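Please see the structure below; I have some questions.
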């Protein structure tokens, strides 16, 4: 009996961890899309950049928790550079062109990762107390994976506080519903777009360093995460932050359980769900999706 | 009017560029090298390229002519590998093709060899379908799946603690993975080794997060796992197994040798991987030590079996062209049958019967590395050496 | 003259807001009926419901004794219910000629001909030229719609609706943003149209409405507050309150 | 000028010159395999023509109906697999029957997908093509028993090309395949040009310009979007049949999202809204991708920079007609 019970706990915790990572990545994508209507195809690559920067920081002796703070900031700065150089001139262009531009950016970032860090898989050296196992309700579960849940919860709370309490957060939320009105109130929209893009990239970086120890850090990790985050964002409703929370949990559980029971068709089911939502509920689960 | 100008301009440019490349230098012997430089196995591909380049440098000249290597990136995608092979043969005029990491790419090339009409010597393709597949297609590289299965099963039978275990079989979902998994299961059942899932599990190559597979292994309660993964992914899987606390409890047996650099990255979590493979730098023979130091001086990276296979394969090819006395495809093919070369892992002979190599091999287990010039922390300790006859297949 | 179209207590609400509240509206074979009312009275919403742009939450719409509630726009247009839009909605990059020709072709049929050339639909091309002639847009036939002056674009908007051989034509503020001269030109054209087909005009320009309408319906908060000839409406107490607010 | 049946706006100037340019290009392409016996360029140009046909089919969807598809290569892949499986399992000699079966099968698959696709528009349509594309990609990749999974289809026979009993040559010889591809692609090009300039094509352009207004002019928008989708998918499936005859191999990587975006770039490179622009885009993209990847291991960096440069400084593509896409532009 204890066998199936411990499997259930394993699966439950694995699903929560996967949902958490999807949530942070999808949030970043949604913030960028919600505000400046840009579907950032290079979001996966920025997630990988975050993982690699985290690895390098920890490898050069920086404490893991310090790296946890520094990495999103660094990736946010990279996001700033990207936004000011190639996204800004694209502001007035149609959605298709920004899609292809960020697609080219994905190629560029993947290539740079390979150039700087090479092809070898990398592992982040976790602090001592995080490496062990802990028994939960009778089953052994890695400490780090539990820590991930807390870290993700902390990031989400910080994001909620930022969006609801701070001035910048309120401006961003307002701009995502009616951009024109915000610019009429004398707020320089170009700074708002810049802030949104930086925040989105920082979220991708944070997801990267958190997911680093969970999966493998290698140049291809970006590509898969991009497809999964698209699925989550679409099912939650494009640009809807609340929708992304529900969709991330849903997809995290569906993917983990289907991979456990019917390994082959796991991803097919996920894509069928995406297709059904897009065709019959384009505004997403909560109906808050924004299309143009 | 503007449209017409742009289209005729772009076509003229294309024709000019194409025709300008027929320049004739003093003609060296051109060899096409097909290795994956991007994608999941980029590290293995890089090591193969190093092995071949080292062989070319060591060989110097063939039939008094220099050796010119044309390297192309297959990206582990069969359609791209086929177009690159066409480019190497038709455009660059290569007289032979060498390399190729994955069975999928190898089989795609083999099915197009009639168009290419040049000999193709694979140095890392392990599928058993290569035995006698085509008169122009040869293998001189990593042990084939059947040979590895024999090595692993003999290794398990020789150890009482491993013999009693029940094994969970998990493979990468492509031709090589299925072949390796099926071979081991058939041979294990013949020898009475218990297999938990005879319908072996298949994981996508791009899998990064092994947690769902590991929970299945944990749930099944097995005490052994047989994995047929691409070399670079083996240490990653071992690391996640140890993260989930299974390193001590579940013994990992691998159908392929793990890459040395990945072992370094994995560190202690990768200890205890058991498996048969051609070579590891722990092999203590004069030829092996000499080659290791030469490789270390040249590339300053830990010598790997991928580099060793490709080095030996390249030497076999160069010697065959020398023996054939010409770069004609049929002559080279004829010379390749039965040719042999004494390299880091002993004598490697290409059997005339099925164009595939026979060579001795070692049974290894990963553990902490002794003092070594490469600064390696993890080694593949040699437990036992198999003779070529032991591994077969019979000739 | 028989009744052409009538709506029986049509309602439509977005969430809590009751945009159209039990509207019963009747129109005859021809003549010009105007719908007026303060901003937000639900004029455009009502037209959107009748022309199929949005679905009615309740009530029925009868056209020539047939129930056409919530039918899709293209079916309604085929039946002769055409409309223009408050904000210009043209085929921007297509030429003025093509804007009209595609409307004629959609009505005339022949859109499924894959292999014959556009010119092969002779009747369609001739009708389009005739229409351009009538509306004085002939010289600009080859220019893309986006390069036209705003006034001409409004005329083209009406022309496209006309190309559908409408039995009943809904005009949504055709004179919005027009100079007095252009407004005069358009109202003369509308008066001309109303002779043989039924025209329903939604407008703010009071003196234009009063001068050319046969009947006027006044909407407020989604419901009809009064109907009648222009004179009755001019001195109707409720209408004045609706517009000018109650005298305290 | 304004006779009652002429249509203004179609420029008749330089018409003879245009015909001459087209004939010149076709002849030079037809004679190329006989001039230079370098088989690499013969197969490279065959591949360029096949991807040109695929890019043109995407342009019918994107440049003429205003519908963006991320993975239009899915339907090329499905047809290639269908033709391959037909030749391997049913009859290894009947080439035409295999191609016909492949195209019909792909259309039967594309119809229900199209019915769902046309319920959406704009970005939702694009993301839906990504969802369906990835679904078919995963099915093909996982169905190891039938499709050979990641290694693709093995053991493709090379049937002879026969026309009404007249034996033209075996499909294993690149020159025959080159000429066969050239004729099929040229026929498809002129047929598509004819359809684009027909009343049906006019309806598609009206939908691209203003979908809302189109339904208020009496056009059943969903039906015509579906027909436009089917036309694009049939052309893509023809490209799929040609691909497997040329390559003798089909694998999941040809149907991947990565390859899908490549086709999209060919259309943008060549300039949307011009059929021959798609071919120019395909020629240039494949040449650059082939050329860069042999130059350096890190070809991805340069391809990325090239795309960014292209979008920033040359948005309308080489054929200069990209502004058909004004409709999406927010200005």
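Here are some notes:
Labels A, B, C and D are assigned to the chains in the order they are written; within every chain, residues are numbered from 1.
One rule holds for everything that comes next: contacts are C-beta pairs under 8 Å (C-beta built on N, C-alpha and C of every residue); 3 or more make two chains touch, one makes a residue touch a chain.
Small disclaimer: the values here were computed from a predicted structure and weren't measured.
Chains that touch both subunit C and subunit D: there are none. When the C-beta pairs in contact are tallied for A-D and for A-B, the bigger tally goes to A-D.
Look at the CA centroids: the one farthest from the centroid of subunit B belongs to C.
Separating the CA-averaged centres of subunit B and subunit C is a span of 74 Å.
Averaged C-alpha coordinates put the centre of subunit A at 34 Å from the centre of subunit D. Chain centres here are Cα averages; for subunit A and subunit C they lie 49 Å apart.
Between the CA-based centres of subunit A and subunit B the separation comes to 36 Å, rounded to the whole angstrom.
Residue positions of subunit A touching 2 or more other chains, listed in rising order: 114, 223, 264. Shared interface positions of subunit D, defined as residues touching 2 or more other chains, are 142, 299-300. Chain pairs that touch, as defined above: A-B, A-D, B-D, C-D.
Those residues of subunit A whose C-beta lies close enough to touch subunit D in the complex are 39, 86, 89-90, 92-97, 99-101, 103-112, 114-115, 223, 227, 230-231, 234, 238, 264-265, 267-268, 271-272, 274-275, 278-280, 282, 291-292.
For subunit B in complex with subunit A, the residues that touch the partner chain are 38-40, 42-43, 46, 201-203, 206, 208-209, 211-213, 215-216, 218-219, 221, 232-233, 235-236, 239, 243-245, 261-262, 265-267.
Per the touch definition, subunit D reaches subunit B in the complex via residues 14, 17-18, 21, 24-25, 28, 36, 38-41, 43-44, 47, 141-142, 144, 148-152, 154-156, 172, 174, 247-251, 253-254, 274, 276, 280, 283-284, 287, 290, 293-294, 297, 299-300, 318-320.
For subunit C in complex with subunit D, the touching residues are 51, 53, 72-74, 77-78, 82-83, 85, 89-95, 97-98, 101-103, 105-107, 110-122, 125-126, 129, 138, 141-142, 146, 160, 163-164.
Residues of subunit D touching subunit C in their complex: 2, 4-9, 194-195, 197-200, 202-203, 205-206, 209-210, 212-221, 224, 323-324, 326-327.
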